[in-house]
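As structure tokens, the structure follows; a few thoughts come after it.
The letters A, B and C name the chains in turn, as written, and every chain counts its residues from 1.
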Amino acid sequence: MISHLPVLKPFRLQSTAHDFPLSPFTARNGILLFVALMLSIGVGEAQAGPGVPSILATILKWTPLLAQGFALNIAMSFLAMAIGTVLGLALGLGLIAVTRPVRAISWLITQFFRNAPWLVLLFYCILLMPFEVRIGGAIVPLPGWAKSTAGLALPVMANVAELVRGAVRSIPSGQWEAAEALAFTRLATLRLVILPQCVKRMTPPWMNLYAIVVVATPLTSIVGVSEAMTLTGDVLSSEGRPELLVPMYLYLLSWFFIYCYPIALATVALERRFQVS
Amino acid sequence: MGHLAVGFLEESARTDPVSMDLTPFWDWFRELNAATGIKLTIFYDAFDRTRFINGFLTSVRLMALCIVASVVIGIAGAWVQGSRLRLLRAVMAAYVQFFRNTPPLVQLYFFYFALGSYLRVTNDIGLAVPIVSNFTWAAICLSLYAGAFNVEIFRAGIEAVPNETVEAAEALGYSRLRAYVHVILPLAFRISLPALNNNLVNLVKTTTIAYAIAVPEMLYVANQIWSDELNVPEMMNVLLVIYVLLVGIVVYVMGRWERAMRVPGYMP
Amino acid sequence: MTCAWTPDQPLIRMRDVHKKFGATTVIDGISIDVMKGEVICIIGPSGAGKSTLLRCINALVSIDSGSILVAGQEVNDPKLDKLKLRRKVGMVFQQYNLFPHRTALANIMMAPLHVLKRDRVDVEAEARALMRKVRLDGKEHSYPGELSGGQQQRVAIARSLAMQPAAMLFDEVTAALDPETVKEVLVTIRELAEEGMTCVIVTHEMGFAREVADQIYFTDRGVVVEQGPPAEFFTNCRDERTRRFLSQIL
């Protein structure tokens, strides 16, 4: 007998996003951030002496450069996510393998790259990967951003593997039984029954992972990649005006916020939709 | 390599076991360097060893401080999130969404460089110095960052407790506040534990960004060492191993605690 | 290992089957013969024994000792050809276990297409015929989530029938259904039985068992306590345990 009385309701994260489930253009938080930005520019304007270009003008002047840098952030996030997802899927299948050695090795690799701090992995890749590789007869140079992308792809791989394992385990065992009773092989069961059902379950946490990767790309500035964070620092040191500090950093923060907040909302919406169906 | 092992054993046999002089242990690494070129100065060079251990301890201090502070922020924030005042909830939601959707590194720079440049005090000799050290800024920023996630986690835990449970508590004579403390919070805490542990592990990994503002934690000190000694691969490997082990220990301890606190029969 | 099977031998022959899960003995020496075209019902108190027995027949669970012959094929064999076995005997579960991401028609077509590798046109025609047979024509393109419990269970029956088995195993297939939908499933099973399908049914529905079974087996604590045709069984049961069980539920 299945009781319908709730002993405990399901645990659902991102409840604060539920409070304001509106489109990003009217999101209260976006407005607050914008207000903060305006206030700081206003304060900065008050501080700037005469004959000096206004804060707003300076920010607008540097916007194209920052946009270029931000484009590199996005590009790195896409690449790292793509590479990491492909590798992670393979590793995830290793985690649910039938043979114990395969499972053990996969587990070790997953644990290792999940436990290592992302910045340390970045350092490792930047410092210890060669600056060029020989593939076939051609010499392929590996610039800093490429090595950084590899460094970001590694934790993505481990997290995706864990996602795959969790999703496969969440499929009721009755599905495996029914497929077995119909004489499906294990491979066919995975391909036709289990994995298609996993895709839906994996999508919200996978999108969440992407947002984390985007938000981790500024780490590459520490290892010398010229992305938005580095460029902001360069701009600030070239302008040399202390009243620019707060507005510029808030500006950079709002770029990331405007990119990531819609992803967060979409993730919540998808999660709710998949929960119901 | 065999003669190195023998040398180590011989040395330790000659040393007085009571005095616990670890010099022969460290010297083994010196011999390792002489034999194979693997340069692990953090073992046999006293200066490097000291500063590396200090870096390790700074890392651990930062991690512990941030864990505690972020949990406190999470609990307080989750309580505020249940308030009836719309403005209060809006401010809390803004705080959470801001820290969740922006890069922690940029947050750190914002706190340390931007805010730090405003919040200066003049010290005894008339110089303008930052109001708090870079370690403290890192602790503040990271605690706020992880705290934002914790607010959502604890909030989700509280909301997973059905109203019927609260009603049952009240029917037994608990006041609203008492029911909160004795019934809802313990349940909410147990339910939140897996997500909380996940977040705290991420926090421990994220503390490495303090490197960027020159906090002398392990990564920063290791950088100094490998700049001096030119032993980048060795230091990177040691660093990787220590971090993975450290985080692994945290994961293991959290896992044990989680299993001990699990609510029987509840499948989230 | 297969012996040639002839219709005078039992289609399913279980001899002295034993199964333990850890320290608990779940099946403690059960021997049952099922002739072709026979319908047997297994009843008894709740416990893992009855469902486990069904799962032993189609090798979802391996047995510790004893022998199970399905149309001459020995199930208790490390080199068992599972595909061959599961083409002969189909199983319907208490929780239906339909594949929720495919339509009802696709659910029925999947196994013949991918396991038997038959031609798509033939398989589709047969699948539609099966849906008509279980009275669900019109619901071919519905997803399991859009169907009621009874409808899902009937799709599950059709899905097993698509493999054209010689025998069908039913594991308490109405236990998870609302009372209104139980009847439609039982009617479907009865029609199957009347057409001559060999059925092994684990059920709590005593009225149904009395109506449709050729033999009823009562099991308790891993052994067959009593067996007999329904008429005798319900009126003249000999064992005290059987009587106690029947008095509790009738």
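The rule we apply is simple: a residue touches a chain if its C-beta (ideal position, glycine included) is under 8 Å from a C-beta of that chain, and two chains touch if they have at least 3 such contacts.
Bear in mind the structure is a predicted one, so any value in this text is a computation, not a measurement.
With chains as nodes and touching pairs as edges, the resulting graph is an open line.
Chain pair with the most C-beta contact pairs: A-B. Our note on geometry: chain B versus chain C, Cα centroid distance of 56 Å, whole angstroms. Averaging C-alpha coordinates per chain places the centre of chain A 21 Å away from that of chain B.
Between the CA-based centres of chain A and chain C the separation comes to 49 Å, rounded to the whole angstrom. For chain B in complex with chain A, the touching residues are 81, 89-90, 92-94, 96-98, 100-107, 109-110, 113-115, 117-118, 151-153, 155-157, 159-162, 164, 187, 191-192, 195, 201, 205-209, 211-212, 219, 232-233, 236, 239-240, 243-244, 247-248, 251, 263, 265-266, 268.
The part of chain C that touches chain A in the complex is made up of residues 58, 60, 82-83, 85-87, 90-91, 93, 95, 97-101, 110-111, 114-115, 145, 156, 159-160, 163, 176. Every residue of chain A that touches chain C in the complex is listed here, in rising order: 2, 172, 174-175, 177-184, 188, 192-193, 196-197, 200, 277. For chain A in complex with chain B, the residues that touch the partner chain are 5-17, 19-20, 27-29, 32-33, 111-112, 115-121, 123-124, 127-128, 211, 215-219, 221-222, 229, 233, 242, 245-246, 248-250, 252-253, 256-257, 260-261, 264.
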